[in-house]
Each structure stands twice: as structure tokens, then as C-alpha cells.
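Okay, here's the structure, questions in a sec.
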Amino acid sequence: MATNRRKSRSKTAAPGEDARLPASGHELLGYYREMLTIRRFEEKAGQLYGMGLIGGFCHLYIGQEAVCTGIKYGLRGDDSIITGYRCHGFMLARGAAPGAVMAELTGRASGVSRGKGGSMHMFDQEHAFYGGHGIVGAQVPLGVGLALSHKYLANGKVSAACFGEGAANQGQVYEAFNMASLWHLPVIFVIENNQYAMGTSIARAKSGTEMFERGTSFGIPGRQVDGMDVLAVKQAIEEAALNSREGNGPALLEMMTYRYRGHSMSDPAKYRSKEEVSKVRHEHDAIDMVRTRLLDESHATEEALKEIDREVKAVVAEAADYAQSEPEPDAVELWTDVMHAV
Amino acid sequence: MATNRRKSRSKTAAPGEDARLPASGHELLGYYREMLTIRRFEEKAGQLYGMGLIGGFCHLYIGQEAVCTGIKYGLRGDDSIITGYRCHGFMLARGAAPGAVMAELTGRASGVSRGKGGSMHMFDQEHAFYGGHGIVGAQVPLGVGLALSHKYLANGKVSAACFGEGAANQGQVYEAFNMASLWHLPVIFVIENNQYAMGTSIARAKSGTEMFERGTSFGIPGRQVDGMDVLAVKQAIEEAALNSREGNGPALLEMMTYRYRGHSMSDPAKYRSKEEVSKVRHEHDAIDMVRTRLLDESHATEEALKEIDREVKAVVAEAADYAQSEPEPDAVELWTDVMHAV
Amino acid sequence: MPALTVREALRDAMAEEMRADPLVFLMGEEVAEYQGAYKISQGLLEEFGPARVIDTPITEAGFAGIGVGAAFGGLRPIIEFMTFNFAMQAIDQLVNSAGKTLYMTGGIQSCPIVFRGPNGPAARVAAQHSQCYASWYGQVPGLKVVAPYSAADAKGLLKSAIRDPNPVVFLENELLYGQSFEVPEGEDYLVPIGEAAVLRPGADVTIVAFSRMVGHALAAAETLAGEGIEAEVIDLRSIRPLDSETILASVRRTHRLITVEEGWAFAGIGAEIGAIVMEHAFDELDAPVARIAGADVPMPYAANLEKLALPQPEQIVQAARNACYVE
Amino acid sequence: MPALTVREALRDAMAEEMRADPLVFLMGEEVAEYQGAYKISQGLLEEFGPARVIDTPITEAGFAGIGVGAAFGGLRPIIEFMTFNFAMQAIDQLVNSAGKTLYMTGGIQSCPIVFRGPNGPAARVAAQHSQCYASWYGQVPGLKVVAPYSAADAKGLLKSAIRDPNPVVFLENELLYGQSFEVPEGEDYLVPIGEAAVLRPGADVTIVAFSRMVGHALAAAETLAGEGIEAEVIDLRSIRPLDSETILASVRRTHRLITVEEGWAFAGIGAEIGAIVMEHAFDELDAPVARIAGADVPMPYAANLEKLALPQPEQIVQAARNACYVE
């Protein structure tokens, strides 16, 4: 086993405290741009929600950008990924057009799900992203099913099944652990531990040891990873994927991360202090960490990064414009896609 | 913690190989009689089934008698017990009249559930036995709920939630583990590991470590117990109950046992060899072990034990007669007990 | 009478019953410290403490089962599902463990428990969060099923449900939580389970609805009155037992019946009501019973499609006109 | 035509489709080494090996979800539930993950999967093992629901279900497994989903049934013929889509309708059929649609009570006499 059961680094480790993982300037610039795109996209979605252009539940990914970005780069492009309702970041990371994602949020015909799924239900088959699921924990067996299909088809692919630390208490997760391990399926269970499930801190919902050890009795090696460090996420995923691809079965990775916003747009997040949020934001932010390193290691100038910021803003602004100007689905769409014709 | 996480003895330990747990002759004679009553009762039920007097599913407890008997004596009389469909032994152990239990099996008005529940659905509120449940695993959260009621009422009681090693893979079991541990509920999870879930041997359904370790990551100490040794079962339950009663939360006990018959009356049990069954029967039978000790330690003569056998047979024969001669429920019973009137 | 929102009425019902009976407690996701995902349990943790207002992990099957076990053990649990969509994870515990045990045990084992939470569509929450489960639970003998519209009924029925010795599935509606209604004062205000209410008398056509659709039915009746059609509006309130007497009595007067529900028509509550009327008042019907129901599709997210998927008052008006053979 | 049991017909359907399409596989409890709890998968492990005939632990939510995920990944799973009672543990995966995904994704993500197993009452297995789920699943747009009676339909419909690009809930009946029927030969014998079958023509009254109750309907028709009443017997075969055309055409001829089901009447399939007939052929009805259904109680264990809880041919006969206004 390449992975091990001990924490690889703790979430409170200050940036730069650990030895930095190797990465080229080109690579780091890519992460910077992609994570920033997700953040700006989500900020814009929040604004559109406030303007009444997006409805229902809308769960922003702000703070967690390193997780989906690290997963993307730790996997091959055709490895499958599945997650819950907090899925916008994954859509963007895997390559969906920001305009089409935003148009889904505004419920337009040119949205990725043609306006029918909304924030929680986005799929991108071209990029092997399988949603976008609203029922907490349900995506975990689905992700194991994708792994079963990979093994069955012997296509060498791996499946990443992502879920929150709150979802990690759901019974079907353990059923999925058992079968994945029993059948040596190529699946990486990724817990995005952002410390809260809605208003419930992890300590109030979880008994026993740390989450990454919850697979141990099912024979699944677990590891805690700094989910704010895109390189750490990427490396942990790479190792687990390699191991799974070799037929050694599943791994469990607990990504220590944090969400800066409320659970969804309707959550004022009174269950934690402003200081708690701002401490993470200022001391251990995923994007800042890459930014600092880019400057430290002279891969980029302040000006070059500002230019990226401007470009990202333009991309997101364009997506927002598109999402507001596109038409709603045609009324006849109410009745389509219920069933495939035989 | 009085319990510990290591096996206390392995299931393959030969009788008498370990130091014998202390027990008076009087005590041992009681266990002998009670376990024998269960076995003879179940044999008789099997006969009545063969005669068409019992219908549907009928899961016999033959081979596992030491588990329910040890649980009974390890607990106080008002501690609650709950189990699955393999429940006849528990009914008898807790003190239900054999005739009323058998009459339930034959579907008669004087059955413990007035003929409406049958083999799988027997309760005995007077003796704090809460069934008798047909859905694999469902009784586990129910048992935790009983523990919650004990804690809420501060009545000093403990709950024993019994389930098979097959049921131990069910997701709701882990949900129950988590909440029981988080809330320090007085519940003893008892896995009756009889090696098979219907036709599936434990190795074909379970990944990872031994079953008794499945609670570890939820902070629940686990222990493997020789489930054929009524004294070992009793002692393990006593220790766990004491600990739970003191407010230290749940424990998990894995009782290593074996069922001699098919899963239910319709199972020819072709998935294992006759030799496997007869080896356990001859080398590690719960009743034989007590019998041997009674003779060894001169607590009873062969003749005295034969007399008990005769008495037990008479009790069971009487139960069978009763169950065949009692009338079926009145037709009006179809419509009663659906709801309490308000 | 003071005006209360449905949210306040539900909270007051629980608070009053918890004051009256120390065996009553509330358990569910975010019910305690967060005061309820939809703030139904506002103030309860403060008043009753963490032993009686219990936050759970996101494990519906587990805590529903724990609730049933606690009821077996003599307590009177109120189990909140954040929405009934998530109760599908636990539906076996509701149906098999709570609903069937009294019968299976020949009357030995009671299960006094309330399962409550929002049911049916909310706003823009799409297919997985918008299902109505009234007819599923309504089908099961051994369960009582309630689905109030007004705050008064919400309060009176929830108090009855908590006192009921049987398991009760209590279906709320998120979009009603903020609506205000007059509510009779006093801790003794109870609404019995199993009785429908005639909210508006009328001689020409009967409209039966439950939960949020009662508002639509009343709006439609208002429009119809302007056209000279007097619609009688019946709020079902309880799904099981279903008050067929009130419906039949009305149909015997109006000879016309429209049913309204947000869920799917197929084997829905409207179908059941139609069947009952057919069985008991076939000769009284001057027009076929018309069902207004949610479109036969999973709930779409887009605002325009969602509106098309849900029953609108205008559809009820049109159905009533048709039943009265008015152009 | 050779006679096959329903058991053999189901096995043959799976075997043929597995031979024809390497993406088809079977997964469930005891399906492989044990050859199926009810021996439906006899011989399949031997022929197709453990990669395609997969024994699971007793974890319905998990393996149903794994099945759906595998279907997302391009396979064509057949998921066997030992009985549909246990599928309640997994019902969220069937409804929310399998049934709604195509719609939620605007047509992007298909889910070609079959969920099959015995549904409804067996013999003496009591309340928790005897429920009929036809109307629950039938209510959900996005699912197809099938419930065959004969071995020929079992085979032809299961083959269609396996080839269908949509999720199909395939409801079998344990008591039919051992019954023999003639089955057309050939691997191309398919029965399309969504078409009812007129099993016996008759001019006086229509009897609609599905699954095991078709046998009762045929028996009742035989008795009625002796009394001079010619009953038309329709085997529904599919629950969703429901073949209203065939039912309506028959009612337009007989003007009388009896529905038969083993499940509870409340919001059942009979209620739905009644509603459809009311909506489309109200003026054709010379008598109210009568529902014969399981008694409104959890299933009792005692032999005499169980019999009373289940529809009997004599009840159908009496309902038909009533509909024809014959003493």
C-alpha cells in the first residue's frame, strides 16, 4: 500500500510549515486559475441567488476549491467522479462550460441539464462526471457501482466517490465500504470534511475515532489529507488511484477542508463564530496558499496574477450574462426526458 | 472498561480446554434444563412444520441455545432484549409459556401474538422481550431506541440488541452504533455469529477484520465470546451490562455459535458439509458441554439428567398438544389490533 | 382569535404537549441547536433541554428506528424528518416496525410515535426534494396519516397526533410554514384525526383538497362564485382514516366532485376518493370525478416548468366548469 | 408450445439476455451459489461465472445503489430483491436515483436497470413479508412497472425489461413460481411493456387483474359462465405505463368493471383504474366500478385469517353478479 493509515498532515498546519510538494510554475498557475474560477463563479452564483435569479437550494463550494481541483489532477480525465449536491466546483473542474453551468442555476434551456435539474443535479458524461445528487449519502453506493462497471469492463478506470463528513454517518456508506472492499473495486472514497453538516459540527454527529478510520474494519486503508493544499490532495488521490488501478481495492481519503459560506444560501451560519471562519480564510486558504507560493518562488508577478484575476472575472461575468439572457425551457420540455422511447 | 477488544476465547477452543468458569451445580442444572427445553421445543416445531401444522418461515434456534440462555442470565429480568426472526429461544428463555409460543407457531388464538404474528413476530412485554422482527437489521436501531428509553427514564435498565453476522453488514447497524456511542446509551450489541446468513458463509459477505471490531471506529469496544459456552456468554453480558449501567455506553459482543439446521425449514443447507455440522455438534455443543461438566463435577448422575430429559420432553409434548388442540382465531380477529381506539 | 403562522402553531403544539407529558420528546436533524432546518422547533431546546430535544446525525433509518424503539420502551417520540423525501431512507421502520407491530403482536405492543416534517413540493428544489408521500403512507393500515392546511388544524392535529396511542405520519408543507391563520387559544384545543372540514359551503360542485392545495381550492371557489358557481370546499385534513362521510354527504348535495393534490395522480388520493364515491354514491354523480394533480413527471427545476408541473387554481376552476357543464 | 414454470421462464429470460449481451449481469442476495432463494437463478452461476452472477451481503440500499451506479457506468444490471419487502430499504435508490435521473439531467444520463423479485403476499409469512408495492412504484414517473401472471409473459416481459433503456421494476409472485404455462419458443419472443392482454373475451362484465389475481379472475369467469354471465378477463401485465386503451375498449363493450388486486385497496391499482374509467368512459358505466382487494389490515399469520385477508374468487363472482344486477 502506498497510502498509510496515519494523518499525512493536520488541517491546522500553517501554510509552508510542511515541506512543499514539488510543482512547476506552470502547474501552479493552472491550479491558481482553476480554483479562482470556481471561487469567482460561486461568488457570482451567490449574487444571482440574492437577485432572485437562482432558486431553491444552492450550495456553494467556496473554501473547498482545492479538493475538487486536486481530485481532477490526481485522476485521469476518464476516471469517473460522483458527488452530492455541492457539485458546481466539480462541474467546472472537469471542464463543463461555466456559462452552461450558470444557465442551469438560472433554470435555462441551455443549462447543462437543460434547466431541469438545477444546482444539485448536474451531470457531465463527456467528462465522466456523474452528478450532482440530492440525497445525502446516496451517491456513495452509486460511486461504487461506477467502480463495478470499471472493473467489469476492465477499462482501467477508477471511481472517486465524494461525500461530506455528515454523509459519512449514513448507513449505506458502510454497506458500500463492505462491498467495495469485498470485491476489490477501484473506488476512492473521498470525505470532504468541511467540519459542518448544515449546522452540526462534526463532533456533535460523530462518535469514535477520526473519519478516515471508519473504513479500517472493512479493510479499507484511510488517510487524512490537508484538503486546503491542492498538491496534497492531488498526491493522495494519485497514490490511491494507482493502487486501486493495480487491483488492490478501495481507499478512504479524508480531506480536511472548510466552507466559508453557509450550508446553502438560506443558512445564516450562526453556529460558528466569524473568527473561526476568518482564521481559516486568512491562515489556510487554498487559493492564497498557491498564490503565495507562486510569488515566493517567482513563478509569477503580482501583475501577472492580477491579469489572471481579470480574465477569470471576465469568464464568470460572461457566464452570468449568458445565464441571464438565455431563454427558459420550452413548455413542451415539461414532458420530455421522463423516459427513453423504446 | 471491564471488556476488552481482544478475543476472550476462540470458537474452536475445545470444551474444557480453557479454565472453566465457576458455576454451582444448581446453576448448571438450570442451564441444562433451559437449553434442553429450547432444543426439544425447536425439534418439535420442526416436526409440526413437517406435518403442515406450522406455515411460512420458521427459523429454528438449534445449536445456538447458549446465547439466549447466557444473555438471559447475564441480564436482569427487566432489562430489555430484542432480536430478529430467530426468536423462539428468546421467548422461552425469558419465560413465555411453551404452549403459548407453540400455539403462535400453529397460528392459534391462544398463541402469544394471538395467532397473528407467527414464528417471526413474538413479543413478551411482561418479560421485557421486544420481538421478533422480520426485516434483517431493523431490530438494531429499535434496540438502541429501547436503550434511549432506559436512559431517558433513568430506570437503570440495559438493552440487548441481538442480530446475526449477516445482519451485521446492514447500514442501519452502523447508524445505530454511531448514535448509541455518541449518546452513551446502555445497549449491548450482540452479534450471533452462526457462520452463515442463509446460504452465505461469513467470509463471502464480510470484508475486513472480525465482526467484533466493527464498532471500534465508533468508539464501541468489541469482544469475541465462545457462544457455545453459556457461562462465557453470561459473563461477557454481565460485564458489558455493568459497564453500560454505569453510564459508559454500548459494547459489542460477537458470540461465536453455529446453527445445526437449515436457515429456515425450507433450506436444505447444501452450502456446507455434513462433517462441518457434525464436528461442531460433537465437539462443541452447548448442551453437551454443560452435561459433561455436570457429570464430571458430580453435580448430577446420568439418571438425574435422564429424568430432566423426560420432564423436558413432557413439557414440549404438552406444548405441542396444546398448540394443535387450541382453536384458530375468531374471524373477527382479522379486523382487531390494527389500531388502538382513541 | 390570535393569528399564528403554521410554523408557530406546530411549535406551540409540541411545546404544550411536552409541558403536559414528560414522556414526549423531539428528535431529528437540526431540531435542537439550529432550532429546526425550517425553524419549527424554535425555542424548544432552551425550554426543554438536550435530553428532550435531540439533534441526530444524518441517519434517517437509524433515528427513525431509535424513535420506534423508544416508543416500544414507553416514550412518546416526535421524529422530525427534514423533509419526507429523506424519510424514504427510513420508510421500512415507519411501515414495518411502527405500522404493523400492534397487529403482529395481537395487540401487545403499542407504538405511540409521530413522524413529522414537510412533504411534497417546496419551491425550486427539483425532483429529489419534491415528492408527495400522502398516498404511500395512506395505503398502510396501522398508520394514521394527517396533512393539515391551516395553522389551527396544524396545531390541533399535531396535539392529537402526539396524544394518539398509534403511529401517526404528519405531513406538513414548507410553503405553508410562513402563512398566518387564526388559531383558537387554549391548551385543550384539539382537532380529532379522521375528520375533514367543510371550509366553504356550496351547492354546485364539491372540491376536495388537502395541505397547500386547500388554498388553491378556496381561490378557485372564489373565482367560481364570481361566475355563479357555488363550490363547496372540503379540507381533507386526515388521509387515513379518510373521512368518506363528509365527502359523500357533500357529493350527495352537489353531485359533482373535483379532487386536488400536488402529488402525482396515479394511485393518488384523488383516485382513492373517486373510488369511494363510485362505491357509495355512484348514482349521485352527474359528472365524472375530475382529478387535478401534479404533472406526471419528476419535478423540474426551471421556474416556468415547475409552475406547469404544479396544480394551479385556474385548472380547478376549469374542471369545476366542466363538471357543471358550463362553457 | 412447451410448458414452463414461471421460475424456468424467468431463468430462461435472464440466461438468453445474458448470452446475447455481455453487459447484462445479475446481482442480489443468494443469486449465485445458492441459485436464488427461490431458485430463479438456477444454473446461471455455472454458465456465466461469478463476475456476472454476483452474491451480495444483506445490504439492499447498498447493492441497489451499486446497481444504479453500474447502469450509469454503461452496464445493464438485473438486481434481485429476495422479496420486494426488503426493497423498502433501498427504495430511495429506486425512486430518486434510478427513476428521476434521466429527467433531472435533461436526458443526459440513462439508467437501464431491472429490479426484480417476488412482490405481495406469499403463504403464511405474515405482515412484514406480504406487502404489494405495485401502486407505490406505479406512481413514479420515470419508472416502468411490470407484474406478469403467466410464464410466457414473465419471460417475454423480463426480456423486454432487460433490453429497455429505462429502469424497470419487475414484480413477481412467489406463489406463481411453480405454476406451469405454455411458453412460445425462440429467443425473439418478447412481450412489450405497457400492453394488457385480454385473456378471455366476454360481453357482460370486465374483470381487470394482475399477477396472481389473474388466476382468480379466470376462475371467477369460469364460475360466472356457468351462471350465464360472460366475463371478459384482462391481465394488466404492466402497471406503468398502464394500458388504459384496452381497459376502456372493454368497458365500452361490457359497461361494467371489477378490479382485483392482492394489495390494499386504498390508493391502489383498482382506484387508479376506476379513476381512468371515470375520466374517459363515465357515461359507459352501467354500474359502479367495484374493487376487490386485500383486507385493510397488516397480513395476519393464522391460516384462517390469512385466507380472509386475501381476495377469493368467490368475491369476484359476487362483485360481478352485483355489477350485472343479478341476485
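A, B, C and D are the chain letters, set down in written order, and residue numbers restart from 1 in every chain.
The rule is short, and it goes like this: contacts are C-beta pairs under 8 Å (C-beta built on N, C-alpha and C of every residue); 3 or more make two chains touch, one makes a residue touch a chain.
For clarity, every value in this text was computed on a predicted model and none was experimentally measured.
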Farthest chain (mean CA position) relative to chain C: B
Selected pair, greater C-beta contact count between B-C and A-C: B-C
Centre-of-Cα separation between chain D and chain C, whole angstrom: 30
Computed distance of Cα centres, chain C from chain A, in Å: 37
Distance between the centres, which are taken as Cα means, of chain D and chain A, whole angstrom: 41
Sequence positions of chain B contacting 2 or more other chains: 113, 115-117, 121, 133-135, 169-172, 175, 178-179, 182, 205-206, 338
For chain C, residues that touch 2 or more chains besides their own: 56-57, 59, 61-62, 85, 89, 92, 96, 103-104, 126-128, 141-142, 296-298, 300-301
Chain B-touching residues of chain D, taken from the complex the two chains share: 29-30, 33-34, 37, 55-59, 61-62, 85-86, 89, 122-129, 295-298, 300-305, 308-309
Residues of chain A touching chain B in the complex: 169-175, 177-182, 205-209, 213-214, 216-220
Chain A to chain D touching residues, read off their complex: 80, 82, 111-117, 121-125, 130-135, 138, 140-150, 152-153, 171-172, 175-176, 178-179, 182-183, 336-340, 342
Sites on chain B touched by chain D in the complex: 55-57, 104, 107-109, 113, 115-121, 133-137, 166-167, 169-171, 197-200, 204-206, 271, 328-329, 331, 333-335, 338
Sites on chain C touched by chain D in the complex: 61, 85, 88-89, 91-92, 95-96, 99-100, 103-104, 126-128, 131, 135-136, 138-142, 240, 242, 263-272, 274-275, 278-279, 282, 285, 287-291, 296-298, 300-301
